[in-house]
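Attaching a single structure in structure tokens format; questions to follow.
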């Protein structure tokens, strides 16, 4: 995929933006009918000089069959897998998903190497995941408990409305006290903290093109660091080639100020993989005040 | 593409040379018939140990239709687009284009991210380009004027001779006072200097296999740094699978010594993408005296 | 190719392992029927965070025809080309080939850029190779003699047993006194040492699935550093989709203690490119005592 256009906002000059993503997708089948495969990609973002150092990402290996599917690598933990994010559509510099109040329900507690097992039966799906403390990263002693995740999904159709529900739970230690711009673990001088994460999401998509997502996740740490809650809401409307979308998110931090922000997306599908994409984010930095960002350009898939 | 052979000269031992370029070319078409695409490549040059760090290059994204073509990325500015370079053929360590008196009419005033619009009508072609000072690079404050370019091309056939003419103009600020081995901006301690660049080229290709290119570009800086002029001449002869070529170039620097050098190329096309290529450059360093370089090998395209 | 599974042992926590190798293989043919091509690959091993920096490897360019085949790049020297290694099968973290007593008969005397010419006639094959001291690497002055290699192979069938023999000789200077964990050249403060390497191997593969490899290489240095000898033995048994293998290797160092170790491999071929692979290495570090390592997982080719 590739992008071209321009981006600007409070933190940068209005400037051109082009980027490339080279996706490698591999798959095969064993003699007994198991499917297997792998994904990997090279990302080159930013200006031409910066593009000289492509970055690898999104590497996964998987095998699937009647038993379900097993995926290892840079993939979603069970909670992230189960929950529907509030963002819809695309923007060349990702205004829909990079504002400070947004949450992707992410993992990355240790080295981002997740093993996930998933199984689907009818309208239900379940997943189990584990991310180990391998002791390989610079800040890790290898003594952390693994992050174990459990997730469930359910789809239903009710009077012309497509409904989908997600429920996830993860528990373990973490090296990060993860939200944008603040690392309380550095501040209090501890290396690991245990955390229980519980999240729910619901999405409704109507025949008339309207859809809505709600997403709520709570992070319950030990007494030493403040707990977190995240609220997310996404609204979308599709009509023919047009998609308009808004999402809002809010982080509540125990004993601290909360912060929230929103993102706006407009997409026009030109067909053949080309999308004309506009994005606006109300605040992309946790510094005081709002630092907005926007982009307009073409998102191209081949 | 790949290369194998050997190279040597005054500045290095005669040694083997092998290199690889992995090209990614992507393209598509919208429902209304606009074409779009992207290019990216990974380069791995030199010895096997050095090849462990491939370098990304040549990333562009483009869209074209009846309105013309818009290209963003590591692409030619309008002057470079309009002018014909004097070099022909190939050599595995690029003796035709890397001698000190050679000029590729290049851009790269800021971060090498160029937006170019081009339009063709009959035998005429015009282009407009802009390269912004994004303020992203280490030495840039973001206060430089953009480099704006304008170029025109014209093709004609006159008594069995194919003629092509190019005219280009670029104006703006630059962080570089660009020619090989000398950076006057460092010397005088200023960060930006304004420059007007004007260039012309003409090429004649005869039915009997002879062709000639002349290329002249003048760089008019403010009074603080010396102005530059570049003269280039290229001659070629093709007969069947054989191409022999020589080019000469000279930089004249106001109030300084000028320097010139030449390159020689012989190519024999083995068919199927394989070219047996020999190259000689008379001087590849601006140090005193001439430092020559040569190569002989196979240039392979797949 | 890609791998997924887990690995552990005395030197690391038992942990997940996933990795990716993106192979680029290019080939073509000239008008006169010469074949040519190139290989290159990107490796991304280890955890997801480490996978962000893919490493290039295995770059070669080659041309072949009735005259034989010429290969330049990261390829085997003539001795390595001629000899059969003792390892069989695969393991996701390479327990069969990475234990301290194992030898791959490798090159890499200078910058790993080898030119090899090979020619086959009937059951015989011969090769000649050269690896130059280009003076490009940090520790090289460019004054070393090139490493010249000569190798021969012979295949025969004797009473239902497939026999293959290899004989190789290399001579020249080297910057390395290569075996795992010890660099005598650093210790004695010299930069280059001349070396004569002589190696033989024999393999027998029987119809009933049993096969055996013996491999012996001697490294004769000048008087200033100790000479080396390497002994290797590999045994394998294949039955249908199953392969079990063991190899043992020993380094004898003049005037020093010798060290030896073994590797065990079990592979079950699931078909379609998927192999279930288990590996065990008895010792993966030259530190005192044995440091073992194991792995179990899927090795996937696409």
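Note that the chains take the letters A, B and C in the order they are written out, and that residue 1 is the start of every chain.
Rule of thumb we're sticking to: contacts are C-beta pairs under 8 Å (C-beta built on N, C-alpha and C of every residue); 3 or more make two chains touch, one makes a residue touch a chain.
Because the structure is a prediction, the values reported are computed rather than measured.
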| item | value |
| --- | --- |
| Chain A on chain B, rotation in degrees - Cα superposition, rounded to nearest 5 | 120 |
| Same-site or different-site touching of chain A by its copy chain C, using the half cut | different |
| Distance between the centres, which are taken as Cα means, of chain C and chain A, whole angstrom | 42 |
| Shared-contact residues (touching 2 or more other chains) in chain C | 42, 54 |
| In the complex, chain B residues that touch chain C | 2-5, 12-13, 15-16, 18, 20, 22, 42, 44, 46-54, 270-274, 298, 300-302 |
| Partner chain A, residues of chain B touching it in the complex | 24, 26-32, 34, 36-38, 40, 42, 54-57, 59-63, 70, 72-74, 111-115, 132, 134-137, 142 |
